[in-house]
Amino acid sequence: MAAAGFRAFGAKGPAWLGRSAWAQLSAGFCSRGPAGAERPELPPRPTRARQQDGIRNIVLNDPKKRNALSLAMLKSLQSDLLHEAESKDLRVIIISAEGPVFSSGHDLKELTDERSPEYHAEVFQTCSEVMLLIQKLPVPVIAMVNGLATAAGCQLVASCDIAVASDKSSFATPGVNIGLFCSTPGVALGRAVPRKVALEMLFTGDPISAQEALLHGLLSKVVPEEQLEEETMRIAKKIASLSRPVVSLGKATFYKQLPQDLRTAYHLTSQTMVDNVALKDGQEGIKAFIQKRKPIWLQ
Amino acid sequence: MAAAGFRAFGAKGPAWLGRSAWAQLSAGFCSRGPAGAERPELPPRPTRARQQDGIRNIVLNDPKKRNALSLAMLKSLQSDLLHEAESKDLRVIIISAEGPVFSSGHDLKELTDERSPEYHAEVFQTCSEVMLLIQKLPVPVIAMVNGLATAAGCQLVASCDIAVASDKSSFATPGVNIGLFCSTPGVALGRAVPRKVALEMLFTGDPISAQEALLHGLLSKVVPEEQLEEETMRIAKKIASLSRPVVSLGKATFYKQLPQDLRTAYHLTSQTMVDNVALKDGQEGIKAFIQKRKPIWLQ
Amino acid sequence: MAAAGFRAFGAKGPAWLGRSAWAQLSAGFCSRGPAGAERPELPPRPTRARQQDGIRNIVLNDPKKRNALSLAMLKSLQSDLLHEAESKDLRVIIISAEGPVFSSGHDLKELTDERSPEYHAEVFQTCSEVMLLIQKLPVPVIAMVNGLATAAGCQLVASCDIAVASDKSSFATPGVNIGLFCSTPGVALGRAVPRKVALEMLFTGDPISAQEALLHGLLSKVVPEEQLEEETMRIAKKIASLSRPVVSLGKATFYKQLPQDLRTAYHLTSQTMVDNVALKDGQEGIKAFIQKRKPIWLQ
């Protein structure tokens, strides 16, 4: 699969996105008119993507701008996440970054009063859609962090399903220093770490180390820099070796049940378990285990 | 009180279970017809229970099957939990296990397509009812873990009010390896540990150590193996020495207020405090404190 | 600003309190009739407050009674928190305590049956109002803890936005020992630390150390006793140097979005970001950053 094809999308979205979500995303894509009309010459894409053996690597690739989440960067990332996301060839996505800064958050030049409030709204809505999309995708998304992640960059790490970081990485929500409180990053941060930790980060802008981020739940794992790729790939390869429909059903159900009350959550997941057992890969896995052999996934 | 009497239950449930919960539990008990009719010779019970000085010890006792939570095991556990749960003689429950595996989760032989989807549904519903029951019980339930707890076994630990483990214990939700995503365990796990930790466990199946489980909130305490019983009994004896109605009111209120918004939670608990002060044991405790003497509980 | 003026309040509350909240608070203030009529000679205030450079220090000042949160203490604290809270001169509040006990919780002499249930209700409602008020205030509130904080005293720490403690501090909810389960403290505790930790504290009454409290999310930071004031003041001065409307908008939005579902939370905060960008201090901060100079806040 070539990265070149990543931009092309039809008007109809996949089922797992849901109608309303897709409508909003489409609106986001189309709100500035057809790309060709406004941008006769496309600038270089701020992300690059390649896929091999079911593992898609998306790299934030604008190190000179500290991988700022400009509107162009956000749309490029969104496009790379959405591209053929339903394909059986895709099993897991890794988001990493070029250079010493994972991402510095929004591009502040897009947020001056030279742009309209409508433009500012588009920036924040697109950013929120990308964060929501990560959870909606039918495959796990892993953040691989090697450096500083601040503001919406920290939000991106917090929004991924799994996050592996090198021990030299650090995390901050310093918007308050420049008069722009990290309210949208606070959504993801406030659901990842204890409230006291989130508020100290948000009110002071002070960074926390990778070890502190691990301690407080922002990260899944911290490793020395030289082991970062190896450990991330180990997790990605493991996930890529599993049954795709089983992982997809599990991810969707996890996020669906989490905000429910306990009884509703168990009602919902008990039905999922019955459905999962009835999947072909469910029966194959259970039988392989009983027969003490390796399962052969159909999908 | 003899363990022998543990199976006998009347048709009417205690008030704290609630009508709907009891209806479902009764249906669970009765769905396979009267025990005597279908099972003229009862197999050995997969759990054993004894009670002394207000402390009930329930032991998962099928080490050859790695204490799998078969339907029989789940019903036996449910029965031991429910038995005379309203009795003033019962103050606290400890769930432990025989052998090196605390519990390996569901019995996969019950989940092949040789059984109907209705049977699979009964397995998962009964399991969910047991997990919900632990929170509904009027006394605290402590998991004492000395070994491996996986899948629904890990869920059982996560569902207890308190969990003490030896440092050699470990915890995993490896269902995804056999094509059966741990969606029901994810309900309890996702409410016990940070989302990033839960998802890495669920997506990779990799185990976490007792120390990691403590760090992330799955456990209350980790001790060396030789101190496990002593520490667990210390906590149990402490709880057994307290006023039963006060502990019972406190437990019910805690779970009731937790999912509420802050103002509703304070409204609800402020009323509980007034009711608690008005309890005979409430007044006895307060007066004993003021008079610098030990309280003498009525109940 | 003199502490002497702290008691005087008009009938109308500030907008951020909300109508219903204010009605309840006013009712709380007035429920015992005009102060002058019942209390011709005012007793010494159980808190003291002073404010300098935007930082208000409120000190629980009844060390002989272990800074018990008597009704008088609660109302004095409430008054000190509310006093001119809308003033631009106020940027951040620190709550600390005189003596080796931060606070021992409710004054048990107010909870005997010599007082009416209505009186008990007033105690718990006023306490809950103070805890809710801390989150409603338009400036951050920091707990600076140097010693033991138990029951409602522990609740007060858990309710602050940020909490810094000396390493000799400890935290407990021991109400169960005297027949009065810490149900209201459980509201704040259950939202600050993992459920397993909260329930062990609530069921056993056992204290946890400052390090454990940090590990589990009850504290933002732990420092040696001799650095406690310095570190707390460092955080307070940092917050006092920031734009007040930006901090205020950020704090209100954080607590508003936290209980919402993810999509609603992003919808709400995306709008806040657009509003924040449009603030004069928002534009000043962004432009100062782009121009590589220090921002000059208007407010």
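Note that the chains are named A, B and C in the order they appear, and that numbering of residues resets to 1 at the start of each chain.
Definition applied: a contact is a pair of C-beta atoms (placed from the backbone, for glycine too) under 8 Å apart; a residue touches a chain by one contact, two chains touch by 3 or more.
According to UniProt, the chain labels map to these proteins: A, B, C = Enoyl-CoA hydratase domain-containing protein 3, mitochondrial.
The structure displayed is predicted, hence computed values, not measured ones.
Novice: Based on which chains touch which, is the overall arrangement a line, ring, star, complete graph, or other?
Specialist: If you draw each chain as a dot and join those that touch, every dot ends up joined to every other.
Novice: Suppose you list every residue number at the chain B-chain C interface; are over half of them used by both chains (same) or under half (different)?
Specialist: different
Novice: Can you check how far apart chain B and chain C are, centre to centre, with Cα atoms defining each centre and the answer in Å?
Specialist: Inter-chain centre distance comes to 35 Å.
Novice: Mind pulling the chain B residues that touch 2 or more other chains?
Specialist: In chain B, 191, 193, 215-216 touch at least two other chains.
Novice: In their shared complex, at which residues does chain B touch chain A?
Specialist: Chain B reaches chain A through residues 108-109, 111-113, 117, 120-121, 124-125, 127-128, 131-132, 135, 176-184, 186-187, 190-191, 193-200, 202-206, 215-216, 259.
Novice: Which residues, counting only chain B, touch chain C once they are in their complex?
Specialist: These residues of chain B touch chain C: 140, 161-163, 191-193, 215-221, 235, 238-239, 242-243, 246-247, 249-251, 253-254, 257-258, 261-263, 265-267, 269-274, 276-279, 281-290, 295, 297.
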